[in-house]
Amino acid sequence: MIKTTQWIVVTLVLCLSISVAFSQGLAPPSNVTVVDTPNDDGSSITIMWDAAAEDSGISDYQILRQIADGDLEEVGELLPAGTTTYVDSSIEKGSLYTYIVRAVSATGATVDSEQTAPVKGTGEWFHTGKAALFIVMLLFSAAIVWNIYDARSGKEIFVRRIPGLEAVDEAIGRATEMGRSILYVLGLGSIGRIATIASMTILGQVARRTADYETPLRVPCIDPIVLNVVREVVKTSYVDEGHPDAYNEEDIFYLTGSQFAYAAGVDGMMVREKPAAIFLQGSFAAESLILAETGNSIGAIQIAGTDSEHQLPFFIAACDYTLIGEELYAATAYLSKDPMFLGSLKGQDWGKVLILGMIVFGVVLESFGISWITALLQQVN
Amino acid sequence: MFEKLMNIDRRIIFILVALVVIIPMLFTFSIPLNVSEPTQKLYDYIEGLPAGATIMISFDYGPSSFPETEPMAAAVMKHCFDKGIQVIGITLEYIDAVPLADRVMQQVAEEKDAVYGEDYVLLGYRPGESFVILGMGAEIASVFDSDFSETPIGEIPMMQNITNYDQVSLLLNLAAGSSVEGWITYGHTKFNLKIAAGVTGVIVSQMYPYLQTGQLVGLLAGFRGAGEYEKLINAPGEGTKGINTASFVHLLIIGLVVIGNIAFFVQRRREE
Amino acid sequence: MKQQVPLVLCFLFGIVMILTEFSPHTASQATYKEIANWGRVISPFVFVLAVVTLIQTHWTRIQRRVEHWQYSLVVFFGMIVMVVAGLPYGPQHPAFKWLFNNVQVPMDATMFSLLAFFIASAAYRAFRARTFEATLLLLTAVIVMVGNIPVGDLLWPDAASNARQWILDNPNLSARRGIILGVSLGAISQSIRIILGIERSYLG
Amino acid sequence: MATLGIWIAAFLTICIYSFLYRDNPFYRFAEHLLVGMSVGYIIVLTIYFGFIPYAWTPIKNAVTGETSALGFLTLIPICMGLLFFARLSDRHAWLIRYPIAILMGISSGIMIPNALQTDIFAQIRGTLGPYSVIGTLSAFEIVGAILMVVGVVCTLTYFFFSVEHRGPIAGISKVGIAFLMIGFGSAFGNTVMGRVALLIQRVDFLINGWLGTIF
């Protein structure tokens, strides 16, 4: 009797546990939501669902979709358990799709979620992830423009002393005394580089002084557009100073477009013509030291300036004066006193205040585990 | 005398530099070299691969930067051929790298009796860096339908069993530019391809963050990395020679700086 | 015509490139690609300017028999040889490749290798402990050099290469970051000025 | 052919090294040859990798119908490019402003958002990075993270131009200069290896590649 009861109990327990196992084993994926993928061109739809419990028995998921009156079709390969999102990027733009997420067990048993409401992929016109970038861009542009107009309206803008710029007059004066030429090198940059434009502006100022003293000014170029613009800049300076006939177009010429051939050519000019002053202003690469050392060997006064931070150490080592990074841009404002440069220099300083603020504030917040500044600055593709 | 020393004719320095490069090149000798951890890691990883495994080498350097990276290619390939590991070569960044890669692969193959098409292959160059990396992750043949000399990939024996990165045990990127970041972003993050790098001295320090996070399984740093690897496989070559010679130039420069400063201080004291 | 139209063109192209950067829509992306492609099409034509001015420069030198005018003939010789070897059959032709590998590459590489000499002479002359800043410059340079070579590890096991690594990762990185931040602010502000037509110097 | 190549390469290599002693006709010859050849090389590459794929092929494909008629859009930039020929005539030289202005617009437009993202946003994020995991850092790493912020702040302060550097600002920017000098020194020292590498290769070519073939 007792034995029979025992058997019944054991059987019951077994049955019960098996049925529990089965019913728990494959619950359909819950909370399946489907949305048009945000911030894309409309070529994908994102499917999300809740993670299943760890002992759910699910080993894979399969996504199924249906277009209008078409059949259900499988999309992509099996997704491993633990996946909770899938981006379907093989859709036709503008068509409506409904989705089912199918859970698959190790034994191959399956259970489907409910079919979702239809969704279509549409392209967005504005990437919301780039909002911070957009706003900062607008603010900075406004700061620059505001300061330029402020400067144009006649407001004095202070520029701090820049070591090295006083030497410009000294260098030109010495060349005149010695009856030697001045060599002006604009570096490798194309016309779009800020260093090149800054360098051209400084060249314009140098040309004003050489026009007065009638000191020869030689400018070998590596970029044809720069060459063209530089000729205009220098000519204008000579005309403005009242010495248009002292301007010699052939002193500003195209050398070659290749880096080391250019270095070879400029080196040759240095040792043959022995200029008394050499300006190396613009963006430079490895040839920086070839030029600066050769210039030093002929005993010229050398004033360098570049925003190519990799080349700065070599200019610092080999030249008499070096404008470091942004100092090159500030030099254009300092020398030309042009409100445009003065104003934007001030606007850039505002930008620096903002950056400093973000760094200091960010350090404090991050240390307390609040990371919204870094989240704001997140890289978005 | 000290004043003369301070304003020494630079041509004397040039002669010293030339001597310090030429003399060590005429003799064979070795300075004991400590093998650094990143080099050891790469060696251990390749040493642990079974015969018949495949590694891929991406040659991303040009004519102005090959002296530092080419010895690395030679050392690693020697190790591979000794162990029966196959090598696939590609170039991602520079079209000029194809003849350079061809040259070094042929040299090592001749030395180790490796056969083109069976032990190694050079696929060549295709434009569009990141697209090449992503494309090969799906199927290598979809990017390289032929090797660099236009033999269809289907006719190359060793490529029969290789479809994508799943059959590639390691990617070694020999780089003089920014290609390593591309391999990590697209190859490792997306396809879980194991990446190692061999880079020129100038960009070594950019690699350390990736090494720390394990995104790089190993790193060869300039001449020194090549020399260390040559020591591990017991075959001193260009890398060992290079780091030895370069050491003398470094010591010469340091020596010159010291002498210059002694002269400077003596001179200044006299003036005072 | 001479001034206003180019400025308007510059503004339009600039604004379109900025706005499409923020817009993932297919139409925006197609516009972005098309215009970027236009930039690629125009840029090779720039080279026309270069060749014309180069020929003009050397031609006048030869005509006027200025000092060293004979070398201008060498320039023409080099240019014509390369063009004749490469233009009819393309850059893959063996003659063009041979010239490139045996004449141009050795010269280019040798020019680059002059840096090894110059870096030594510049270091000797510049690295003197004249001021506090100069002393910092020379000390870090020496530490990093010692850390780069095996002899350094013989003298101070591990310390040399670790010190080098620390300097590169810390003070070096922060100085560089400071420069980059300032420089890129300047670059952005210039681009804004160009697009808005405030900066016109590039028009000559 | 190979031997001839080695001899020519060796001769030109020595010509250029002769510059280290002083300027001389051999260097001048090599210098001008290099200038001329590099221009010739760029002419060939520009035609084959610039004009043909970007200008010629799209038009040809549009004409033959291989691609859609949209390919004809390429005619606009081609016409703009042809304006560069206006430089040949002094009276029409101003026409080259058109293509230049377009190129400037395109490159400035691409530049603004990208520079903001990679050079400003990413650099600030990189500076803050260590602080988000500050609890897991060793004391040594924390010192590094603090030094990083101090360095960036001081260097950036040095680059303030519209205020006079007096009082505390002068002090901070002095520290900034110190950071700059350490940065420059380390970059200089670190570059020596790379520069020496090419010299070693050239000397190796002269000794083993060239003299080796003679003796």
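Each chain carries a letter (A, B, C and D) given by its place in the written order, and its residues are counted from 1.
We take it that contacts are C-beta pairs under 8 Å (C-beta built on N, C-alpha and C of every residue); 3 or more make two chains touch, one makes a residue touch a chain.
Because the structure is predicted, anything quoted here is derived from the model rather than measured.
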| item | value |
| --- | --- |
| Label of the chain whose CA centroid is most distant from the centroid of chain D | B |
| Pair exhibiting more inter-chain C-beta contacts, C-D or A-D | C-D |
| Chain A and chain B, separation of their C-alpha mean positions in angstrom | 29 |
| Centre-to-centre distance between chain D and chain C (centres being mean Cα positions), rounded to whole Å | 3 |
| Inter-centroid spacing, chain D versus chain A (mean Cα positions, whole Å) | 15 |
| Rounded Å distance between chain B and chain C, as computed from the means of their C-alpha atoms | 24 |
| Chain A residues counted as touching two or more neighbouring chains | 130, 133, 137, 140, 191, 225, 228, 256-258, 260-261, 264, 272, 293, 312, 314, 316-317, 324-326, 348, 352, 355 |
| Of all residues in chain D, the ones touching two or more other chains | 16, 19-20, 28, 30-31, 34-35, 37-39, 41-42, 87, 96, 100, 103-104, 107-108, 111-113, 116, 120, 124, 127, 149, 152, 156, 159, 180, 184-185, 187-188, 190-193, 196, 198-199, 201 |
| Touching two or more other chains - residues of chain B | 10, 14, 17-18, 21, 64, 201, 205, 222, 246, 249-250, 253 |
| Residue ranges of chain D touching chain B (in the complex, touch as defined) | 20-21, 190-194, 196-201, 203-204, 207 |
| List of chain C residues in touch with chain B within their complex | 101, 105, 108-109, 112, 116-117, 119-121, 123-125, 127-130, 138, 141-142, 145-146, 148-151, 153-154, 157, 161, 165, 168-169 |
| Contact set on chain D toward chain C in their complex | 1, 4-6, 8-10, 12-13, 16-17, 19-20, 28-51, 54-55, 73-74, 76-78, 80-82, 84-85, 87-88, 94, 96-116, 119-120, 123-124, 126-127, 144, 147-152, 154-156, 158-159, 176-193, 195-196, 198-199, 201-202, 205 |
| Residue ranges of chain A in contact with chain D within the complex | 130, 133, 136-137, 140, 157-160, 162, 191-192, 225, 228, 255-258, 260-261, 264-265, 267-268, 271-272, 310, 312-314, 316-317, 324-327, 330, 333, 345-346, 348-349, 352, 355-356, 358-360, 362-363, 366-367, 369, 371, 373-374, 377-380 |
| Of chain C, residues touching chain D in the complex | 2-3, 5-7, 9-18, 21-22, 34-52, 54, 68, 71-72, 74-83, 86-87, 90-91, 96, 98-117, 119, 123, 132-134, 136-145, 148, 164, 166-185, 187-188, 190-192, 194-195, 202-204 |
